[in-house]
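Can you read through this structure? Questions will come right after.
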Amino acid sequence: MTSEKRLDGRKADEMREIEAKVGIIKRADGSAYFRIGDTIAIAAVYGPRELFPRFLQNPETGILRCNYDMTTFSVTERKRPGPNRRGVEISLVTEKSLLPAVDLSQFPNAVVDVFVEIIQANSGTRCAGISAASLALAHAGVPMKDMVAAISVGKINGKVYVDLTKDEEDEEDATDIPVAFTARGKKLTLLQLDGNVSKKELQEALKLGKASCEKINKIQYKALKDYYKNE
Amino acid sequence: MNNDYITSLLKEDKRIDGRKLDDHREIKIEYNVSKNAEGSARCKLGETEVIAGVKMSIGEPYPDSQDEGVIIVTAELIPLANPEFELGPPNSWATELARVVDRGIRESNMIDFKSLCIKEGEKVWMLFLDIYPINDDGNLIDASVLAALAALKSARFPKIEDDKVVFGEFTNEKLKLSKLPITFTFGKIGDTIMLDPNSKEESVLDSRLSVSVFDGNIHAMQKGGNKEISIEDVEKIVDIAIKKEKEVRSLLK
Amino acid sequence: MTSEILIKDKEIVVPGQELARGMDYLPTQGAFREGELILSHYLGIASVNGRFLKVIPLNGRYIPKVDDTIIGKVIDIGFYGWMLDIRCAYRAVLSLRETSSFIEKSEDLTKYYDHGDLIVAKISKVTKQNAVDVTTKGPGLKKLIGGKILEVTPSKVPRMIGKQGSMISMIKEATGCNVIIGQNGRVWIKGESSDKENLVSDIILKIDQESHIDGLTDKIKKMLESKK
């Protein structure tokens, strides 16, 4: 892969095409669809609702509970249905990425459940899930302080790129850095890294991630407003 | 919604959404909703929405059918679709749903399993049909069957190299299907029988009967619910199912 | 920093959107202050009333408030009285002492309110943990018999009732139906025919979906006229 053009012709700081909609699951309190390139995530929010088992209840505030799952056919080699360790970890970091943005202080002992399902995967699934979840929470009317967007940045051959595809991620020297930022606060709520980067490369990556998340925020705001414009 | 309201309307042969007793909700089918699947489809039945995906791989045949391919149907009732679904392994409803869909496919012989044999006793095609409800507004059975049929109909074989699947690359060869048996699910409340119960009707059903039909022949049936049904009920239901079948099948074109 | 309002009245705003800057403005329902800024908690309709800024969410579950009239459904009966589902994360308790009848401790409580019964009640107390007490002592508070039940977005209820009850009165007069709208988004409709009940429920659902769109009242008037 040359440092100039990527396999799909995108520039280093160019994300794949994004499509975002809310209100796609009628039964849910809030729901959203988020597609970035060939990766498709849907999210549903139920709550605030009663939390069982009781011992999980927090009398000071409501809690946020996230579950990330991939359909068996979202990937090229069938994934066995049900949770695996990767899914459990992603569920956890998803919750941590959204928690700073919600205000559950009015809902002691209650829970807001977020379910993310990946319908089609081509890298960046946890990030698409987080962007979808943030939209679904807003659609559900859960009180929020901010919106959250997430994107994967990466480094390949010493250069920093945004929104890696599976082919790019599979490159020998690729480092994958999924990040999530709050829209107003512009602070990190998700940061993971696996690979090998210098501090300078990391700084570049975070800067690129922040700018990309701002672009995603604009798309999220439009999706939320459009839902009520067309009603 | 209280049961009384639904039953009082039924006394006038009316339903809460204005449908006639033998009307199903609007059906919409969309193919290829998930690119990495060998076949995939979405079915909307009113507001009920189900996605089905077909993944194919090569494996060993079952010991009692050494020259036949295999199909395994699974339903994942994800809590995304219904606040009453819980995380965890398939419960009895998920298992029943998968087995009812499976039965309609298997008993109609719509798939020629012998043609899925690559090397007798050693290598056969394995079809994994996985069903995911996305929004449960009642009657997951019929929506799942339609999504499953559409996914199977549009499925194409993956490329093989040295008898091993090259994941992510597809051929143009489709699955040969000899039939498309449609399932019609009816609910009974009191003395009234209705086709395609929505979730509010489903919550107050006394009993339910699903019938899988193709060209006037019945390939599978499943009765659910806590109360009894009469033989007359069954005959009435079968008549309606056979009458409606062609019209619904044409939606799968 | 000079104070300024950054949005228009009745504008659709998103969570975290800046509504105003400066200490001259005050956030009320649905808005919050962060330093110099007043921001929206919700995807909703912003409302500017003098110095007060609020946001009415376009969606969201019911948050119990004292003095709200709600429609609850009996889900449990104990020695204390009845437990009601009021369409939110918290259940409400209607204790024996808070009913309009005098009930002996040994009586069969199902005689008064049974499992699944719908009751119009008033919220009398909400604790810090959102434990809710309700009462049926008061005019109009009672068990509902028959009729059709709808569930709508709680934040749209004021629009369904209208200024000084103008919207709900107009609907009741035109259709002859009895309509009770709980602040928790449960609506009870009882009329002479299911057609009239369906007209009312269609109208209520329309308000639920279009409360933020101009010209709604006129549309409703037309709907009522055409079905006369």
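We just call them A, B and C in the order they show up, numbering each chain from 1.
Keep in mind that, in the parts below, a contact is a pair of C-beta atoms (placed from the backbone, for glycine too) under 8 Å apart; a residue touches a chain by one contact, two chains touch by 3 or more.
Since the structure is predicted, the reported quantities are computational estimates derived from the model, not experimental observations.
Asker: Once you draw an edge for every pair of touching chains, what topology comes out, line, ring, star, complete or other?
Answerer: complete
Asker: Relative to the centroid of every protein C-alpha atom displayed, which chain's own C-alpha centroid is closest?
Answerer: Of all chains shown, the one whose C-alpha centroid lies nearest the global centroid is A.
Asker: Could you tell me the distance, in whole angstrom, between the mean C-alpha positions of subunit B and subunit C?
Answerer: Distance between chain centres, rounded to whole Å: 40 Å.
Asker: List the centre-to-centre spacing of subunit A and subunit C in whole Å, with centres computed as mean CA coordinates.
Answerer: That gives a centre separation of 33 Å.
Asker: In subunit A, which residues are in touch with two or more of the other chains?
Answerer: 49
Asker: In the complex of these two chains, what residues of subunit B are touching subunit C?
Answerer: Per the touch definition, subunit B meets subunit C at residues 1-2, 4-5, 8-9, 12, 14, 18.
Asker: Considering only the defined contacts, which subunit A positions touch subunit B in the complex?
Answerer: Residues 24-28, 38, 40, 42-44, 46, 49, 67, 69, 71-78, 81-83, 113, 115, 117, 119-122.
Asker: Which residues, counting only subunit C, touch subunit A once they are in their complex?
Answerer: The touching residues are 12, 14-18, 32, 34, 39, 41-44, 57-61, 63, 88-91, 128-130, 155, 209-210, 212-213.
Asker: Spell out the residues on subunit C that touch subunit B in their complex, using ranges where they run on.
Answerer: Of all residues in subunit C, those touching subunit B are 116, 118, 146-149, 194, 198.
Asker: Subunit A touches which residues of subunit B in the complex?
Answerer: These residues of subunit B touch subunit A: 33-38, 40, 47, 49, 51, 53-55, 57, 74, 76, 78-83, 87, 89, 128, 130, 132, 134-137, 167-168, 199.
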